[in-house]
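Some structures to go through are shown next.
Next come two complexes built around chain A: one with chain B, the other with chain C.
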Partner chain A sequence: MDETTKQKLLDVMKSKLNRQLLYYLDVCAKCGACKDACHIYRATGKAELVPSHRADLLRRLYRRHFTSAGRVFPSLYEATDLSDQLLDEMYQAAFTCTGCRRCMVYCPFGIDLTWVIGVEKAMLSAVGKVPEELNMLADAAIEKGNSIDLYREIMQDQIRSLEPELRELTGMPDATIPMGKKGARVLYVALAGTGSILPPAVIFNLAGEDWTLSEFEAANYGYFLGDTARAARIAERIVNEAKELGVEEVVLTECGHAYRVMKHLDEVWSKQKFPFKVLSVFEPWARYLKEGRVKVLRPIAEPATYHDPCQLGRNGGIYEEPREVVKAICTDFRDMTPNREKNWCCGGGGGLVAQTDLEEFRADTGLVKAEQVRATGARIAATPCENCRLQLALLNERYHLGVEVVAVTDLLVRAVAPGALRKPEQEPRETAREQEASA
Partner chain B sequence: MSDEFKVDLKLDLKGLACPLPVVRVSKAIKDIPLGGVIEAVATDPGALADFPAWAKTSGNEILKTERSGAELKFYIKRVK
Partner chain C sequence: MHALAYWITGPGVYLAVGVFALGLGYRLYQWRRMAASPMRLGIFPKPPPGAKVLRIVADTLAFPQLAEVNPSLWVAAIVFHVALLGVFVGHLHLLGRFPGQLEEMMTANASLVGGTMGVLWALAALYLLIRRFKTPYKEISTPEDYLLLLLILGAVVMGDHLRFFGHVDVGVYQEYIRSLYAFRPELPAALATSSVKWSFVVHILLANLLLIYLPFSKLVHFIGAFFTNGIRRG
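And then the complex of A and B:
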């Protein structure tokens, strides 16, 4: 490793050494509680994949370069110098962790190991040692923000082509998908696909909401890289749009990390207080159902379960609203055990589904989640996060679970959209895994 | 296939969930020779801005975009 690279890595590390990180690096007793909480260690039994070991790589560096004892007696204090080998280990440790934070729930000292791993990611990002796919997606998202003026009209035209289907589903001849509507109450931020635009548009129209669709997708690949500067630039596109339109609420689609970034992180990164509220899409959905603004026309009788995405639930605090929605439309709801903050990660988070070479790893490490789903006896597995759906679809195929993996809003549309009732047999949506296989 | 370009690889990206369309193209472009062309069909409205943004940052070139109803067809030339 050359001196410039070494110095760059140490500079980033130094900039991240706040009180919180120092506490995490100092107090870990290596008790092993985190290993039993980690779905990856449970499935693989590999010591290098124990959460505390992933963080220990940074701890050894900290001791070697930032403590007197580690500088003078490195071998006595488990201190290690920076090297290419250590950087390779750090890459494996950082980018095979889903960032689910289940280990933190079980840690007696409350150590947020994903915070430590986030610092490792930031260091790796600074020297360009990051997964190619995540890097590419982050750069493309920033470029899209820079050049949106070139594509605005043609994109709006394409969105309008969805409106005939929207009108059929809602039974409302004037149903629309507005974009760029100044003074709208709600800015809805979808993902790139039609699947996260059309079903929410059905619900917003049925509820009579004053809304407008964002020009940008909610996903933030800068966040997965641990690169807070790039993550903030990606989020900035939505923040600026919301300010220009003067909306009261920014409603994030069914995406765990996107909600967490906007709700809990970006105000800190961008050092500002947003002049709007940030909500998960389940908050308005649950409210509309309670207020009778959308009505359940056809309850779903098949046994259904709900998977808490780690970023939305444990890390975002949204547990009850999506359950309220599923319980309102499914007559046989079966919660998984454990659930909410102790729910098992499915194995697809942290940007792992975008790394195509990790598919086998994901299938293996999702075993505990597959067992959880099977134990419910459910035929429908509803979950909000698109990463979770891709992963659950993979597990469905690998472990023959026999469930339909579906977005909560898709399920809601089936139960409340008048147009959905006109079809005698509701065709299940093609799962993401099937989509991938046929691509 | 377009009459204007010799297509080396066709990709059906219709209905794919985020972020697979761009990831697929990004992977597949390494399987064709420099100067080769991918024909990619997508249905996501966002692809209209996503693909040009990816092409610009990756140093490749969108030769042409065709729209037919909900379907979007991109002809992408491998430059790098």
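And then the complex of A and C:
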């Protein structure tokens, strides 16, 4: 490794050293409790995949370069200098972690290993050592923000083509999908595919909401790269749009990390206070049901379970609203064990789903989740996050779970839309990621 | 050999206490001078406003989450730390006479739990040490982890030896401590001529090393855990 690269990596590391990080690096006792909380270790039993060990790679560098004890007695801490080998190990460690933070729930010290791993990701990002697929998706999103005019027409055509189906489903001849509507109360941010546009449009129309569809997609691949600068630029597109339209609420689609980024992270990254509220789509859904603005016409009798996505649940704080929705429409609801902040990660988070070379790894490490789903005896597995759905679909196939993996809003449409008389075909819709990849 | 015993039990103790205090102060300074992330990075659900401090203290002292995910490690860790506390309180008795009722309580405490705590501590430390030699703990451990456990185990075993085989009266240890207070450290004759003199010297040596190393080791978790648990509940 040449000196310039070395210096660059150390500079990034130095810029990321804050109080939290020092606590985490100094306090971890390497007790290994995190391994029992991690689905990846549980499924593989590989020592290098123990969460604390993933973070230990950074700790070695920290000892070597930023502590006097580590400089004087490097071998005591296995302190090491930067090398290509260390960087390779870091890459393997950082980009195979789903960032679910389940280990933080169970750590006796409450150490956020994802935070430490995030610093490793930031360093790797700085020298371009990142999964190419994530990199391209992040750049494409920023590029779209720069040249939205080129995309606008294509997108509008796409949206218009959805409206006949929307009218059929809602039974409302004037149902629309408004875009760029100034002064709308709600800005709804979907994913890139049409899959997260039509079903919410049905609900918004049925509820008589004053809404408009965002021109941008909620997914943020900069965040998965640990590149906060790029992540903030991706989020900025939506923030600017919401400000221009003057909306009261920005409602994020059923996407875990997108909600977390907008609700909990971006205000700090971009050093501003949003003039609008950030909500997850489940908050209006639960409210409409409660207020009777949306009525359950056909309750679903098949046993149904709900998977808490990590970014929406333990990292985002949305547990009850999606459950309220599922319980309102499914007569046989079965919660997973454990659930909420203790729920097992599906194995697809942290951008892992977008890395095609990790498919086998994801199928293997999803074992714990698969068993958990099977134990509920449910035939329907509803979950909000696109990553979770893709991953659960993979596990469904691999472990023959015999469940239908479905978005909560899709399920809601089935139960409340007057036009949705028969169960929609089981053909998987084009996923957001495939759409983005082909864009 | 008399000189060696003197340097370990005399100036060595001052050095250890000094390095411990300054080192720990420096560690705290290093932590607190860094900017804290303005993000609230806690796990949801957040505790109700009034309960936050209580949860942080409970998390730090009892770490109930560990009991759920790794019961055997939790038992070992609880035994280890309760014994540590017991031994710590027991040692306070050596610092001098306590006023009134308290002195009687300290004496009663020492005879009741003193020996038990020392043995439990040694067993827990041994368990944690042996555990480190198994996969995957072996792979995730660094020499620091073994060194600390060896220092603790050594000091505790020596302490147990003093207790069970020494037959040295508590007053003798108090006399030694008084000599330290007066900056005229010396081993009282009863101890210097006792058969356990070298257990005592090694006990003090290992305790000194532990105190010196502590601020630069992962043992800073005894303070840091309050902060990290605070972030989780934040």
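Here is the rule we go by: the second predicted complex is superposed on the first by the 420 of 439 C-alpha atoms of A that agree within 3 Å, B and C clash if a C-alpha of one lies under 4 Å from a C-alpha of the other, contacts with A are read in each partner's own complex, and residues count from 1 in each chain.
The rule is short, and it goes like this: a residue touches a chain if its C-beta (ideal position, glycine included) is under 8 Å from a C-beta of that chain, and two chains touch if they have at least 3 such contacts.
Quick caveat: nothing in here was measured; it's all calculated off a predicted structure.
Contacts of A:G195 after superposition: chain B is touched, whereas chain C is not reached. By the touch criterion defined above, A:L297 lies against neither chain B nor chain C after alignment on the C-alpha atoms of chain A. By the document's definition of touching, of the two partners only chain C reaches A:Y24; chain B does not. When the shared chain is aligned, chain C comes close enough to touch A:V50, but chain B does not. Contacts of A:A229 after superposition on the shared chain: neither chain B nor chain C is touched. Note on chain A: of its two partners chain C and chain B, the one contacting more of its residues is C. In the overlay built on the shared chain, the residue A:K35 is in contact with chain C alone; chain B does not reach it.
Judged by the touch definition given at the top, the superposed model places A:P108 against chain C, while chain B stays out of reach. Partner chain A is touched in their complex by these residues of chain B: 11-13, 15-24, 26-27, 43-50, 52-54, 56-58, 67, 69-70, 72.
Of all the residues in chain C, the ones that touch chain A in their complex are 27, 30-32, 34-41, 43-46, 59, 63, 65-66, 68-70, 73, 77, 135-145, 147, 216-218, 220-221, 224-225, 227-229, 231-233.
By the touch criterion given at the top, residues 17-20, 22-24, 26-33, 35-37, 41, 45-48, 50, 52-53, 56, 67-69, 75-78, 101, 104-112, 115, 264-265, 268, 313-317, 319, 340-341 of chain A touch chain C in their complex.
Against chain B, the residues of chain A that register as touching in their complex are 132-133, 136-137, 139-144, 147-148, 150-151, 154-155, 158-159, 161-162, 191-197, 215, 217, 219, 221, 354, 356, 386, 389-390, 430, 432, 435-436, 438-439.
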